[in-house]
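Listed after this line are the structures, all set down as structure tokens.
Same chain, two partners: chain A is paired with chain B first, then with chain C.
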Partner chain A sequence: MPRAKLVLEALAFVALAVIVWLVPHHVSDFHARELASVGIYFIALLGLAILTGYSGQISLGHGAFMAIGGYTTAILSVDHGVRDLWTIPIAGVVAGVAGLLVGIPALRLSGVYLALVTFGIAVAFPQLLKKYEHLTGGTTGKILTLPRAELGVHTTPNRWLYYLAWTIALVLLAVAWALVRGRPGRTMQAVRDSEVAASSSGVSIAVVKTLAFGVSAFYAGVAGALYAISVFYVNPETFPILLSVWLLVGLAVGGLGSLAGLIGGAALVYYLQNHADAVARWANHLPGLAVDPKQPGIPSIVFGAVLIIVMLVLPTGIGGLLRRVLYPLTSRLYSRS
Partner chain B sequence: MIVAAFTWSEFAEQVVAGLASGAVYAGLALAIVLIYRTTGTINFAQGEMATFTTFIAWSLMNHGLTFWEAFPIVIAIAFVGGIAIERTVMRPFERGPVVTSVIVTLGLALVLNGLMSVIWGGGDRTFDGGFSTRTIKFAGAHISVQYIGMIGMLAVLVVLLALFFRFTKVGLALRASALNAASSRLVGVRVGWMFALGWGLAAVVGAIAGLLIAPIESLGPNMMQVILLYAFAAAVLGGLDSPVGAVVGGLLLGLVITLVGRYVGYVGQTLKLPVALLLILGLLVVRPGGLFGRVAARRV
Partner chain C sequence: MRVFLLCVAVAAVCATTAGARRAATPGVSSTEIRLGSSVPLSGEAAAAGNVARGADAYFKYVNAKGGVLGRKIRFTYLDDGYDPGRAVNNTIRLVQQEQVFAMFSTLGTNNNLAIRKFLNQAGVPQLFVAAGATTFGRDFRQYPWTIGYIPPYSEEGELYGRYILSHLKKAKIAVLYQDDDYGRDLLAGLRKGLGKKASAIVGKVGYDPTASDVQPQIAQLKASKANVLCIFAFGKFSLQAFNGVSRIGWKPQIFVNDVSAASSLMVAVPQKAANGAISIAFGKDPAAPVWARDKGVKLFRQILRQYGSNISSRDLIDGYYVAGMGEAFTMVDTLKKAGKNLTRDSVMRAATHLTERGNPFLLPGIVVKTTPSSRFPVTQVKLQRWNRRAWRPFGKLLSVRP
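Our next item is the complex of A and B:
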């Protein structure tokens, strides 16, 4: 890779970190909380991008890995008195191991079959949570303590959540970036593009694909742990089937094979889920439309319509758009270097 | 762990009930397979499409039509509606990646679900089907006429579809464009319209599944969501590119989960779904293409 590109990407990362650091000073407490949720989605999307975007395995079951992470945090902090902050890496590891276990049978499946089987996992998981009540609390779930600032930081719980989510998100973004730009990423892309060619070049397809599943599930587990901490309860409804679907939607909107674009995907998924009525209110300004944004069903219609329109307008996602806009500007730098 | 005393007559009742719910899964799975085979897309909106047409039947019946008078009208609306959706919503994504068109069908499902809430309201309501709900006594077992009707309806549907695909020119053209779009185009098949026709047929098959299940589940915008999951499972079990597989997979799934849910106490009602998925996962590890599916040889 040209050195100029490396420098540019590092600069972009630093710029992002500065923005992330400055934002809470300019937004309300409530918006900081909303942005924390976007950061949590962003972490889960990073994991999904490694799996689907780079190793080419479609997962519709990442909500289940998030649930494993969330429940790990809940069980450790409620039943075993571990401070919630320290449960986050454990949650990631537990989900990662689960991901490795799913990754092994997934080796035999490809494309749509894998998508449907992982979807099945997402569907079945809440049932397991209800069945094993003594561990998970059944349908009531578990109630965590309210989030509060730790490590000597003095700030409101919402801003604390923001800093926590985005610090972890930036660290994991850097890790993901190093991963996909380095040798692991190249082997994953080789496997995605041609398994035969990759294995004839000495790549062990089984190892690469299973590891991609494990790493991806680790990210989802961390995101799930943060989610549990931020809403401070978990029950089988906390991680619904649709969550897995929204994650895939966020990935497609952010753009397969683009890490920075995923922030846009995460934002779209969060805001459409929670503020579809705002879009409906805005749509009322169009001539001939008079909808009541509070009517049940309207948010669903808006969400669906926006999805279809986004796919129509941005088939390569926000990442693809960024590339198309930035490439003419930055490609000159590469050729001179 | 057997919960209750076992009797053969009850077993027979459970088998019929399992096959009846299996018939509905099979119908919806067949619709999914029809679209997958013709266009390569998994249609997540199949369930909402079926619920939508069932609501249309409900409205017609509220205006004084009987079930069997409303039936052909609903089928015609489903057919035209399916074609219209393919031509307007899906067509721009025909050549794009699978992930994109899958997400578009998800968007479609959301739009249809919202529309149903807006038009008919969210609550559940009863739906009188075309079959009597009384039971007939057969060798000591009480068999519901409705269940027999559901299984019979699926059988008729499957035979009609098989005849259509085998003995009509359009059926041949449909099969050809599914198999090799480029060559079909060269011999004059209008492949784009075949895709639309595939969607139309799938909408009809789905509509029938909806009409069959509505008297059992109550009719609401979310009626088909769980059934769609079972239909996916059935389609994967049979092999996504095999219509025969979808039917066998659906019946088998209905039978197994009904019997396991009834007779294996530990599984009960909560673990039915995970057990079904575990079975399918196990099968797929052995046979990655499902029971009847083909695993395409890849060119190096």
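Our next item is the complex of A and C:
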């Protein structure tokens, strides 16, 4: 069984890579940029899925880890002249270390208490950014250089962002996949399902939980760095408290414990943030509805309504839907081998 | 020979059409001019989004009267929730996807800072930004495609300083300010206006824009024994400041900056604290009785009723709408001045050579004036005093040109 499944998943990954490679040839330059943003949220959601989906720890503070990554990139490239491309791994490591540090006190907490602590981090972090103004630029923030193709690639800034975001996303998807399929993933799931059983089987719960936090924050940091590069500006408002909530929503919509389904969650996070007016205009075609997309609050209402509908229709998220659709096709494959 | 002539003719036609195609400006056709903007329509600053709604109504009114030199203005404004990252996304969408000719009246200092580099590199005009940081009018050498609109905050602070200097000899000043560039600009201006008397500032307290309440700061300022209070705040904070002053029985002469002095806010605070407060104005306040029979304000109401969407009676006394119409009026003037052969270059030339008199939405006598090296369109204001539940302008027009 494992081998057939492995081959199938590897094939799916190759197919995804091919699609990712082909897409820019068929969409406009601007849409390539939008899809790059989806890729960036996808990376952040992958990290959150490792933490919440596999090790069972809820984080409402991932926006703060994205901010750490984004600010690392901004400070290194604006104040120290480092090329923004090379700041991405550094941003991931800095955020990852911050994640490890948060992971240690988080050991004593679980469930809703952990969610509250991480939310506290998301709330407090923008204030810290303002406090250390000489480093972060305070409320004025930092203006980065505009993105342009590097490494000898000749393409538009938007397509460059697309390839950059999705190449990193695919690599990190493969890493996450190897992680959750292998021993680390099994120990994480064991800890999630029963800490007592896991520790009596010799699993060090502290190490597993802290590492999960660190890896997850690394992903968020990379996503934050890419986000900073793509909007070439950071200030405390570019990583609002709501971002952490959006990420958790994206995870729920993508489906806990399914990595590829997260692309759908990431798309929802991006489009509902930036195209809620289009959704509202579309909703006007439904009978009995008349909403003015320009009225204050409409985007938030649309966001809430779409969320409720998605959760009612797809309680297991897009990943769950994929599995339900594909299960009849693949179950024979598994059961035979 | 005939074949040769034909070839020449074909070549000539090709050359002219190719030339015409190269010269075509994005967002301008023979029938249409596309303008874009990014404003907060959701989130805490959503009320300010009415600036774009006011401008939109005015453009529709102009379109109904035949447009600008035969072209209709199509104005697309998107919600950024006051998040600069989303403002960048919106701007790139408007420039690359919607192919706008220019950005107009994008709102917020940080949001405009975030998009300025991109617009200047792309050569897209960033016209009449709705933000009071001096940099938008001053740094045109580095950012030639950008121009401001409203009087800079620092000059506003300076004006209060000069007024205190000449009218309140024994002033001991306390300042409540928002602890970011916006509040600090006002404070620095106040200091400059006071000049050698800057020591008259006996207490100043900054508050964080994400704070929940500023009433403790007001109590702290009262303890400094000041008799003048400057409120350089925003929205709910200025409301809380007036409440705090009233609650602790303090009776200072209050100065409140323009952005936090909306009539809708002032009627909601305790009147014994609000009465006598001084602020500045450059647009007509539709809630003020002095303008009740004014032609400009009548026009404003008529346009908003006819071309606004979902207009309530509260919108008809909302100064943000008038501010948007005032800017839109200047925008239309600029487009007219740029002429029939509209290009991004010609519109920048027009925007930096304005002498606009009689903008019906600004105070009478204000001349919207720019030159290539002075890109502050509105630099005349009047002082106004809050009395009997309304702002009442007094004195003559004052210059706040940096």
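To be clear about the criterion, the second predicted complex is superposed on the first by the 336 of 337 C-alpha atoms of A that agree within 3 Å, B and C clash if a C-alpha of one lies under 4 Å from a C-alpha of the other, contacts with A are read in each partner's own complex, and residues count from 1 in each chain.
The rule we apply is simple: a contact is a pair of C-beta atoms (placed from the backbone, for glycine too) under 8 Å apart; a residue touches a chain by one contact, two chains touch by 3 or more.
Please read all numbers here as calculations on a predicted model, not as lab measurements.
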Touched partner set for A:A74, first chain B, second chain C, both or neither: neither
Partner chain in contact with A:G304 - chain B first, chain C second, else both or neither: first
Touched partner set for A:V117, first chain B, second chain C, both or neither: first
Which superposed partner A:D29 touches (first chain B, second chain C, both, neither): second
Partner chain(s) touched by A:A252 [first = chain B, second = chain C, both, neither]: first
First, second, both or neither for A:V231, with chain B first and chain C second: second
Residues on chain A lying within both footprints (that of chain B and that of chain C): 127, 130, 295-300
Chain B residues touching chain A - in the complex, by the definition given at the top: 36, 42, 89, 92-93, 96, 98-100, 102-104, 106-118, 122, 221, 229, 232-233, 235-236, 240, 270-274, 277, 280-281, 284-285, 288, 290, 298, 300
Of all residues in chain A, those that touch chain B in their complex: 52, 58, 105, 108-113, 115-117, 119-121, 123-124, 127-128, 130-131, 196, 245, 248-249, 252, 256, 295-308, 311-312, 315
Touching residues (chain side chain A, partner chain C) in the complex: 28-30, 33, 37, 126-127, 130, 138-141, 143, 145-146, 158, 227, 231-233, 235, 237-238, 240, 273-274, 276-277, 292, 294-300
Residue ranges of chain C in contact with chain A within the complex: 41-42, 46-47, 49, 53, 77-79, 81-86, 88-90, 92-93, 96-97, 110, 113-114, 117-118, 121, 179-181, 208-210, 309-310
